[in-house]
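Note that the chains take the letters A, B, C and D in the order they are written out, and that residue 1 is the start of every chain.
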Amino acid sequence: MSEKLLEVKNLRTEFHTDKGKLVAVNDVSFYVGKEEIVGLVGESGSGKSVTSLSVLRLLPEQGNISAGEVLLEGKDLLKMNKKDIRNIRGGDIAMIFQDPMSSLNPVLRVGEQIMECTKLHLKYNNSQARKHAIDMIKRVGIPVPEDVMNRYPHQLSGGMSQRIMIAMAMSCNPKVLIADEPTTALDVTIQAQVMELMLELKEKNKIGILLITHDLGVVAEMCNRVMVMYCGRIVEMADVFSLFKNPLHPYTKGLIASVPKIGKNADVLPYIAGRVPDLSQMPKGCKFAPRCSEAMEKCYKEEPKLTNIDGNRQCRCHLIRERSEINE
Amino acid sequence: MKKLIALFIVIVMSVTFVACSNNTEEAGNKATDETATNTPVENEDVNMTIAVNAEIISLDPHDISDTLSGSATSTMYESLYDYKLDMSLEPVLATGYDVSEDGLEYTFYIREGVTFHDGTPLNAEAVKYNFDRVSNKEKNLKRRRNLLHVVSTEVIDEYTLLVKLDAPFAPMLNRIASIKIISPAALEKYGDKGIITNPVGTGPYVFEEWTPGDKMVVRTNENYWREGPKIDTLTFKPVTENGARIAMLQTGDADFIYPMPTEQVKAVEGDKNIEVIEGPSTIARFTFLNMSKEIFSDVRVRQAINYAIDKKAYAKVVKSGYAVPLTSHVPSTITYHVAQPEYEYNLEKAKKLMAEAGYPNGFKTHIWAPNDTENMKGMQFISQQLSKIGIEVEVVPMEEGTLSDSIYKAKTPEESTVNMWYVSWSAFDFDGATAKLFHSANIPPTAPNVSYYMNPKADELIEAGAIEVDPEKRAKIYAELQEIIWNDAPWIFLGSDVLLSAKRSTTEGIFVDPSGGIIATQAATSK
Amino acid sequence: MKQYVLKRLLNIIPIMIVVSIIIFMFIHLIPGDPARIIAGQKATLEEIEIMREQLGLNDPYIVQYKNFMLGILTGDWGNSLKTGLPVWEVIIPRMKPTLILAIFSIVWSVIAGISIGVISAINRGKLIDYIVMVGASSGISLPLFWLGLMLMQIFSVKLGWFPTTGIDSLSSYVLPSITLGAGITAMIARYTRSSMIEILKENYIRTSRAKGLSEFIVINKHALRNSLVDVITIVGLQFGFLLAGSVLVETVFAIPGLGRLLIDSILFRDYTVVQTVLLIFTFQFIIINLIVDVLYGVANPKIRYQ
Amino acid sequence: MEEVKMQEAKYEDFKIENPMKEFARKFLKKKSAVVSLGFIFFLVILAIFQPAPYDIDETDYDNILSEPNSEHLFGTDEYGRDVLSRIITGTRLSLSVAVTAVTIGAFLGSILGIIAGYYGGLLESLIMRFCDILFSFPGLLLAIGIVAIIGPGLTNVVIAISIYGIPTFTRVIRSSTLSIKELLYIEASRSIGVSDTRLLVKHIFPGTLPALIVTYTMRMGTAIISAASLSFLGFGASPTNPDWGAMLSTGRDYIGVAPHMLLYPGLMIFFTVLAFNLLGDGLRDTLDPKLD
């Protein structure tokens, strides 16, 4: 087990909406180590994006972190004042987002947007920042960086935009990179390039990456460890090999089963019946129970706890708990 | 462009920054900044400002018909004879005149030693030049209508001018008084259009500047031939909004305002710095009753209507108390006016007359006037009053152009659609206040005899009065005429305005004559 | 871009031709005989007839329109029927006050409007937002002339801070431009607010926050720049309001501007002046729209001119 | 919350709220809009029942321009008529002028807008050029011009305000139609062979309603102000009518002497227009139509 760079403990995030208070993230704990890519997987609405935004306290106005700690090398980000957290953002922890096209400011030149970072965090002057930005653009594999510097975002392709986003995120040498679905909006070939780039950066800069995605293929290819989220809770956590080889939670099983596999005859692609419940319409017991094929009576009444299994794995399911209890 | 945007953003940023960081002071600064720049330019000149309610249309004294342009040009131009405040005529650029016995030849003796502002002398030749310009049919100047009887002008000597008429015309001297004398040299120099903005006359003030639509500034004529104003410059400023005009007087931005809105007198009553001045007028306020229409063809109906109107209430409500009842068809300021027995406010009598005329339950009709608030007020008042004798009057305000179109497009009395027209008329002499309004030849589209009043006896008297040079005989003719018109009641006789002007208490020597003209020849101030 | 501007400029020609026809029709559709109005009530019939002939009012409409267009093209716009002066001599002195009034109003209302809108947007849902937005709605709901009269009564007559009327000093423009700008400020504030609220939800705002930028920079650099792109359009549209409003404000404050001239000239049937002022109004309106479109392009790099 | 909301939308089938109920729930949260609606409702009541304490035509020449007192709460006017009564009675007139004018403008504008948006092509170009031309005469000037041609008076004011409202509605409805046309279900029902008319009436028109309602409400305010402005410039309603604008225009002659004549009708116009604008804002936020 590597050194814990970023550690999240018992995070609870709520939203105040006109339908009342909704708990989007509940009792989530995990860590990201050095030179490690941790995957956070789940369907849309499972709370994974909210988790990532909570780390940097970038939640929209209605959002509110009501409990927990977010520790960066031991310092609690949630207790920092506004100025200190701003120094962390883009400095020690950088973030890239799902849709690179809309994540760049359309009316500012690309160069300006990259330079802004280093000017702020590294106190570079204009020419230093410019040089550094060109350097960064080169490093993310874009030819003629000088030209790209002067372009507006709409003049870039999606892949280029995501590279620029990465260049921007990496320009202040962060310790942790949070990547929220970085490849979702991109073509498959571009996806591969961007992932390649991230792996490379991880190696070179020795950073920890929290990779948020719903794409298990991406997880399998890139992550060291994986957490599966459902309805704001972590339902399973394991290293990537164990997870794919032996998924424990019925939800994880379902997710893995629904990934099409080359070579297998996929006349009928298995899928998980039903839908993610609305946050305001949460079932009482296990949140997955209504969709679970193995659900028992108990599952509808009592929510299972996250249980340690085999030392390195965790799972939130009555079945597993029972089995492990039996095993003991 | 980029820089502009950047600058703009900086401004907005700083505003939001200030507003964010310090929310007590948001507005208010602007005002004080602006006043700081308002330090008036130091000027040695003593200036007086007269705020008026309309724009000066033109400064060519021969081509204007409105009173205000007349007042403005009167500061720079003079005529051979002019009106005194009591509407009698006094010689100005003439020293006297003779008229031949047949009334066809007028000899004018021009004042010696008067020079125009450009230094050229005033003489008979100059006056002839002006009369000829006005009489020129090609030029079609507005004052030409006053010289229609003139056939020729002859220079007898340097300071004597002979004017020949085609027919005797009693009010000739009044018409001569309307012709201001322009420097012939300036007319040659600037031309007919150029003279509008380059006035050169003999008057107490010399032209300084005029922005059409805005103020006109004149400067005291150092070489004026008689005692002139005791100030340096005089400004005429059009301020159409009544409240604004008064505000100017209250703040001292204006030294004199005309007209003083009658409604507002109470508002300035307590102000020690302001004096309101009342004066009689030549303005008659009345309503034409179209006698060619069945309903108004009966004299009893017309008289009934006159009995049904409370003239005192009219003065109070419509003119805020600043009007006197009309006692003839001409106001008492007009020479030869004779007061007639009053149509007293008597609803019983009115109802009885209506019943006799066959309208015991009244009838429906409508009244027209321009759509300004004052006219609308008058129309409403008449409508309210006539409703008491069963006459239902629909109030139809019309935009002035539309109104004149609606009245004059009728080629014959039958075609006319006007029923009642609430209007006013102002003239300098009896003929001017009568002929166009009552002579049968002057029904629309020729002239505004909108009552379609066609009484042969009246026609005869109007014509006789116009050529009768003997004042006594003329007075007799006009006395008879007034009685006839009054009894025929082709109008609702409402009232004659009391002219209101107001001045700062420091202001001296500015007057308003009964025709509404502003006289500032003796202007002085102690401010 | 040059091509685009050129194309738009060329486009103005047919529009102006149509506009000129409409204006010509408008003038001749208004009832009222200018000759009679100009001559006055006491005029003789002969005088009116001569004037009508001189003004060409007896010619067929086609001939009148031809003369009107020929005059415009050859630079002879005719003389004012009312004063006898060449129309431009009547109009040019009237342009300055209107222009100053318009510039003052637009500048203060753009600055105030955007600032208010931004403040309101970043305090969305709070009391200050509520007050500001009801205030802005009030700004739109006030009848201009009423506001003008009330301001004049309070600040000029009662407090004596500003001259009541006229254009003798720049301070004369304070109350008129506040009056004229009030509605525009409110419009801009509302528009800026809603545009800012939308923009603050955008991903790139989250990005700029994730970069660690201060809220001030996020708002004023990243959000405002984008919102300006939208606001420019609204400012452009306000020019119409400005021109119409200037008619009322010039009336209340006795400012000898173009708007007042237009109304007076319509009332007086001073055709030559009416048609020239209307042509100026529509022309400047079209030009301003063009400038706004070009500005929009400058501010918004996404727009490419085709 | 926005992201969460966006994601929710895909999973809405847990519970579909009744659209009217949802509208009511959202609308009731807009306090200023609710208050405004209440005020407008109050105005409508005034307009219908006209609970005026005095006869509006009853003159009292001995009691003119009296200040507000216990007998005449808003004072009396230049003929001694009760100002409060005239304001109350004037509600009907002012509202009906605005309603008629805006309705006509909305009706014609919507037809043009739907036609332009739905059929496109030459028709659209013609209609939109027409609007451009109407728009190239700035705002109120167009109304002034129209009234100058057809003469003052209430009917003509209504006509003028309707005409100058047309292009606004045309543009709004056109863009709304365009976006609805793009929606799949329209494509689908067209392919089934539904007639154009039916499509327009059954599908497109209801789709444009939110935009129409919001624009309509907003225009009410503009119409009331325009009518008052026309009256102020002397192009408006006849003074015998208890029209607020006309009252204001008379009242300004008495500024300083009888400020109540200027103040109360002015406040009435202001509050009414404000109410319509705030209501429009509330409706826009609730109905969320795409307005450009």
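Keep this in mind: contacts are C-beta pairs under 8 Å (C-beta built on N, C-alpha and C of every residue); 3 or more make two chains touch, one makes a residue touch a chain.
To keep track of the chains, here are their UniProt names: A = Peptide/nickel transport system ATP-binding protein; B = Glutathione-binding protein GsiB; C = Glutathione transport system permease protein GsiC; D = Glutathione transport system permease protein GsiD.
From a predicted model like this one, the values you see are computed outputs, not experimental measurements.
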Fill in the blank from the handout: Larger contact count among B-C and A-C belongs to B-C
Fill in the blank from the handout: Taking mean C-alpha coords per chain and comparing to the overall C-alpha mean, nearest is chain C
Practice task
Taking CA centroids for every chain, report which one is farthest away from chain B.
Solution key: A
Practice task
Round to the nearest whole Å and give the separation of the Cα centres of chain B and chain C.
Solution key: 35
Practice task
Report the inter-chain centroid distance for chain A and chain D in whole angstrom, where each centroid is the mean of the CA atoms.
Solution key: 50
Exercise for the section: Starting from the mean Cα coordinates of chain B and chain D, work out the distance between those two points in Å. Expected result: 43
Completion exercise
Residue numbers in chain B touching two or more further chains are 241, 243, 399, 402
Practice task
Quick one: which residues in chain A touch 2 or more of the other chains?
Solution key: 60-61
Completion exercise
Touching two or more other chains in chain C are residues 30-31, 149, 153, 157, 201, 225, 251, 299
Completion exercise
Residue set of chain C touching chain D in the complex reads 15, 18-19, 22, 26, 29-31, 130, 133-134, 137-138, 140-146, 149-150, 153, 157, 201, 239-245, 247-248, 251, 262-263, 266, 278, 281-282, 285-286
Fill in the blank from the handout: In the complex, chain D touches chain B at residues 57, 59, 61, 64, 78-79, 148, 151-153, 234-235, 238-240, 249-250, 252-257
Exercise for the section: Give every residue of chain C touching chain A within the complex, in rising order. Expected result: 124-125, 201-204, 206-214, 221-222, 225-226, 229, 299-302
Exercise for the section: Going by the contact rule at the top, pick out the chain C residues touching chain B in the complex. Expected result: 30-34, 36-37, 39-45, 47, 50-51, 54, 79-80, 82-86, 89-90, 93-94, 108, 110-112, 114-115, 118-119, 128, 149, 152-153, 156-157, 160-167, 169-171, 174, 216, 219-220, 224-225, 228, 251-254, 256, 260-261, 264, 267-269, 295, 298-299
Exercise for the section: Quick one: which bits of chain D touch chain C in the complex? Just the residue numbers, please. Expected result: 2, 32, 132-133, 135-141, 144-145, 148-149, 151, 221, 225, 228-229, 232-233, 248, 252, 255-256, 259, 262, 266, 269-271, 273-274, 277-278, 281
